[in-house]
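Order of writing sets the labels: A, B, C and D. Residues in every chain begin at 1.
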Amino acid sequence: MADSFGKLFRVTLFGESHSAAIGVVLDGVPAGLELDLEEISREMRRRAPGQNSLSTPRKEADLPLIQSGFFEGKTTGTPLCALIQNTNTRSGDYEPDLLRPAHADFTGKIRYNGWNDYRGGGHFSGRLTAPLVFAGAVAKQFLKREGVTIAAHLASVGNVKDQRFDPCLVPCELAEQIAGRELPVLDESVIAAMKEEILAAKSAGDSVGGTVECAVLGAAAGLGSPFFESAESRLSAMLFSVPAVKGVEFGAGFAISEMRGTQANDSFYLDGARIRTRTNHNGGINGGITNGMPILFRVAIKPTPSIAALQDTVNIRTQAECQIRVRGRHDPCIAHRAVCVIEAAAAVVMADLVLEARTYGR
Amino acid sequence: MADSFGKLFRVTLFGESHSAAIGVVLDGVPAGLELDLEEISREMRRRAPGQNSLSTPRKEADLPLIQSGFFEGKTTGTPLCALIQNTNTRSGDYEPDLLRPAHADFTGKIRYNGWNDYRGGGHFSGRLTAPLVFAGAVAKQFLKREGVTIAAHLASVGNVKDQRFDPCLVPCELAEQIAGRELPVLDESVIAAMKEEILAAKSAGDSVGGTVECAVLGAAAGLGSPFFESAESRLSAMLFSVPAVKGVEFGAGFAISEMRGTQANDSFYLDGARIRTRTNHNGGINGGITNGMPILFRVAIKPTPSIAALQDTVNIRTQAECQIRVRGRHDPCIAHRAVCVIEAAAAVVMADLVLEARTYGR
Amino acid sequence: MADSFGKLFRVTLFGESHSAAIGVVLDGVPAGLELDLEEISREMRRRAPGQNSLSTPRKEADLPLIQSGFFEGKTTGTPLCALIQNTNTRSGDYEPDLLRPAHADFTGKIRYNGWNDYRGGGHFSGRLTAPLVFAGAVAKQFLKREGVTIAAHLASVGNVKDQRFDPCLVPCELAEQIAGRELPVLDESVIAAMKEEILAAKSAGDSVGGTVECAVLGAAAGLGSPFFESAESRLSAMLFSVPAVKGVEFGAGFAISEMRGTQANDSFYLDGARIRTRTNHNGGINGGITNGMPILFRVAIKPTPSIAALQDTVNIRTQAECQIRVRGRHDPCIAHRAVCVIEAAAAVVMADLVLEARTYGR
Amino acid sequence: MADSFGKLFRVTLFGESHSAAIGVVLDGVPAGLELDLEEISREMRRRAPGQNSLSTPRKEADLPLIQSGFFEGKTTGTPLCALIQNTNTRSGDYEPDLLRPAHADFTGKIRYNGWNDYRGGGHFSGRLTAPLVFAGAVAKQFLKREGVTIAAHLASVGNVKDQRFDPCLVPCELAEQIAGRELPVLDESVIAAMKEEILAAKSAGDSVGGTVECAVLGAAAGLGSPFFESAESRLSAMLFSVPAVKGVEFGAGFAISEMRGTQANDSFYLDGARIRTRTNHNGGINGGITNGMPILFRVAIKPTPSIAALQDTVNIRTQAECQIRVRGRHDPCIAHRAVCVIEAAAAVVMADLVLEARTYGR
């Protein structure tokens, strides 16, 4: 009931998979920010489908058309609206009454009393992450000016694991390197195994999940607030907005629950005049506030719910049990495409935190 | 910068560990709710310290004094403020310039330009969870009237694990049974090992982490909204407000990332006229909206950062590296005391979601 | 920094006078609302310029193109975005450095550090009221279903005054009657004098102000809340968003300050089972909450700041005093065109209040 | 349903006239602000009743007890809660079923389904302005540091009018001078006539209204935003929260509707390097954003609804028409006591705007 997020850097999403367009309104973007549109396009392409055999063959230009808030190459400070037209839709593929398991068909129908646009998942479609990536691309350009970089990688696909970031030292060039690879991983030697995992699922009419690890670099100490406005609260709220995310952990995350305090506590030392921690089990956040170390978190992405295999379900109109085979063009895995979405989600929140920090002198 | 949470059922926390009082303002509590004050006290006692050798010996009556919004035994609908006076404080125990590792001493100082009240952790103190438990206790009584129950248990302490909830069937009497045990677990046979784990940490001048699993029962399908107002976004934002929480996962959580779609998708069936799922890997939430199954999530709690062992740190005033031994009365583990806090956090969010659902006819 | 309004029925505006498009995102529109698009067009036409000699000759089709949130003739419950393309722009007419008196040229430049789009007033343009009228038209159709009607009229132009509403009895057919007139007044006999007033100003290269009186009919008692969420607070916040509004008064308004309590107090009586008041000096609102009587308020609209007469000003770039003659196509009066904007503003707020009232059983 | 106001400087009110206490939580107060408690007490006394024959004889110490957010004489940056205990209550004076005209007895009962605390007006009591004055006193001390001063005066009582501020030049010492007078007016020669007006009403068992004019001085140009976050929107939303306010106008206000553009437009000139306007009919705000001139507004205060005279009303329980004579200790006029409340309301909003402006470099 409120597709808006943020206090000072606000994001409002709209659109359905098969509506005229999807889009986003960004409010509170600082005025005078020169936007590198080519860079934005690159970000959009990272998410775009139809790029190789690992993704859905549905091709969308996903060209964001800026409607407002942008003048002579710079943001105006007033709301920036970008539109992405839906051109390549096949509305015939969907049967609204057969509830696709693990999709929002059932909950969407209940939530909107049966009136939501069901075609292609409607407003619940992963396609809505395209305008979020646009928002993130704008946020990143603002953050870059503030010295903040965001890098994420595909930390695992099924059981195949990538390396993890060095929690205390993530080089800020990494983002670009990762983005240039066939799959966005740290250790290129795992790419083959990951592809195999994805294609194996695909050929079985199945899908597979994964995890994404993300680092926010260069963020000053002092961002965020205690309790309800903790950096973790804000980041997680945004991250759990991304469809298919089922878990979020900061720093050591769930593993910290098996540690002793002597191990988990990140002790302080001086790096010149700067206070740093020797380990980073807390993921760069203490008491809800950033401590100047890399902000680290991991996100669990579930297997694409759309699978070709036959599944049990219910026809909500006839109130009869039945079976469904989800047709259409689907990704056997979305975790790799989620990497840039997670970055975008983080960027949007960080932009908000950075702006808010100006009010108290950070 | 905004210690308020919620859209319709709003919680505002205030107070420091050693200020005159800590407290909470609840705005949007439905009018005419009969409050069982004895029940509220029971909830407060579940969190209160000083109850056995597993907790800090600091004893606080933690008696919430209702200041407003309550008349003739019922809520008035106007803001309900409850105050908990700080009586048993030992301000001499704290050295503000020595940054306690994994605490908010450093980040708090930076965030508030050195002006925050450092005594006992100040506003960052775990003591602030007491008014949150009060808020949760009020929310629970509202939810009970709506048929919603919340039950959490201590799912692990260090490596010692409790059973997990049956994801599809959590009996609603469970909450009461768990609360009555020496440690709030499902399987009483693990209590001895958990206590041993905690006391071993304690005797080593150390501390230990744990996890809490929580179930929301009886919630109607259709609560929450897509994207930024997803049930997961709202719950996680609140859960990550609770000090020491470093991870939140719904349903199968991180494990879902290793599943195939055929396994992870919760297929639908008919239970009489009701649509249910056979498994519950999605934790009762699809597309950000509840599906009527138990809402299940797990939370990672880090080891208490206050430990007696010697730790490396920095004196922020003298800008010198040094060592610290955290004195004072501390818990070797807070995970078991966090159980009722997690329930409270969930209750507050669920109350908000239930109220909002009235606007769209759920 | 937050062009969003509302808690449950949320409006987000975007666009500049000469950007690709202007538009609005409506979030929280109840699902399943059948939209009468013809009716929406009628509302848009009431605001549209270029209709007669009393308005700017700039003609805009002002055709709202719905992008999302609308499916098979009904709202889906997910964000509804409507776009109005800017087609008829003459960018050459504006000199950005000469500050037009009483416009936002100066404050906009300062606020956005010189980066705002100045063409045609940019985001400050009265054109942005077009998407607000669209929002209001949708809100009105929702309100109609709830039995709530909104009627406004041009209460004065300069010194020429229309009748006032009977404060206790405004027939709900009035809205339609008024809208059908050459000027939206109650007493058609004042139209000639009003036109004369406007045309006299026009021929003098000048402009003239006016007032709008608005009535919300059929609203249940019990809408709104005390203090910061008072019906007056919410309505006035929205009304003062409308460009050129400089005053808002409810009921007797400023005149109440000259009354005695015996006169100002609206005494209660029974109209069958319904409690009503004999007078309505409080404008249907007591303690911030509606009492079931017509909600009445008046709004002061300043003279169009764009005038052909020569005015003193400053060139902000050269920092020199100079003179300006505002060129372009301008209205000698905007008060009559503001009538439907004021209705729209009221509708949007009332929709929000009606939705919120569902959470407490009104 | 949301007794919270503000985006960055947030105010949350609680309490009823006869509850244990009333109070306020201030969130977002900048850390390290030295509070002059004596100055706060002076502000509280300006509002406090029982000071002379013009006010209710109910005496309340109205001593704010700070519970949190204040340490070693300075604000901590975390939520600041202040409590005012209710000590001098006479609960026997109220008959809940007889609806006092122009009070919130009827609307409060409807809004809260009959459960609100009716004693002394409950949460609707003018007494709730005491914590608002506290909030304003804190905000003023912050604003003073930022060079912003707020001055209001009693512009009229009934038909007796004070002078008006010089719209372009309000000396900032004025606030103090006004506050020291028997009635807070600019022209002391009107005091006698105003007192006569008030005492005449009093002796007739009646009450009288008035207006307050307020100036915000020293505010930078560039505060506020277009549309929903206009300085006028924010100020009016807060001003209409103050009980008894029925009208708000900025600059020339309603009189501007009778002006021509040539008269109403405030032309620019250079005052050294500073751009100023020769007149100030727009009240220091253009396009929702401050222009650096004094921010000027006027507020209409209705006559105290509590009067001794016999009034017609309805008994809501028996559903019978009847008569009521409001007993208890009441003010024959509240406009003079409202002066400092209006200042407080303005201060709270200005503090919020000043903090927000830091995010865009003002």
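Methods note: a residue touches a chain if its C-beta (ideal position, glycine included) is under 8 Å from a C-beta of that chain, and two chains touch if they have at least 3 such contacts.
All of these numbers come straight from a predicted model, not from anything done at the bench.
Asker: Tell me which chains count as touching both subunit C and subunit D.
Answerer: A, B
Asker: Identify the chain pair with more contacting C-beta pairs: B-C or A-C.
Answerer: A-C
Asker: Based only on mean CA positions, could you tell me how far subunit A sits from subunit B in angstrom?
Answerer: 26
Asker: Starting from the mean Cα coordinates of subunit A and subunit C, work out the distance between those two points in Å.
Answerer: 39
Asker: Using Cα averages as centroids, what's the distance between subunit B and subunit C in whole Å?
Answerer: 45
Asker: Could you pull out the residues of subunit B that touch at least 2 other chains?
Answerer: Only 1-4, 7-8, 13, 28, 31, 77-78, 111-113, 123, 226, 356, 359-360 qualify.
Asker: Which positions of subunit D touch subunit B when the two form their complex?
Answerer: 1-4, 8, 10, 12-16, 19-23, 25, 27-28, 31-32, 65-71, 74-81, 83, 111-117, 119, 122-123
Asker: Which part of subunit B faces subunit A closely enough to touch in the complex?
Answerer: 1-5, 7, 11, 13, 99, 101-104, 106-108, 110-113, 123-124, 128, 156, 158-159, 201, 204, 206-211, 221-222, 224-230, 232-234, 236-241, 243, 245-270, 273, 275, 277-278, 281-283, 285-291, 298, 300-307, 309, 311-314, 316, 319-321, 335, 356, 359-362
Asker: State the interface residues of subunit C toward subunit B in the complex, per the touch definition above.
Answerer: 7-8, 28, 30-31, 77-78, 226, 355-356, 358-360
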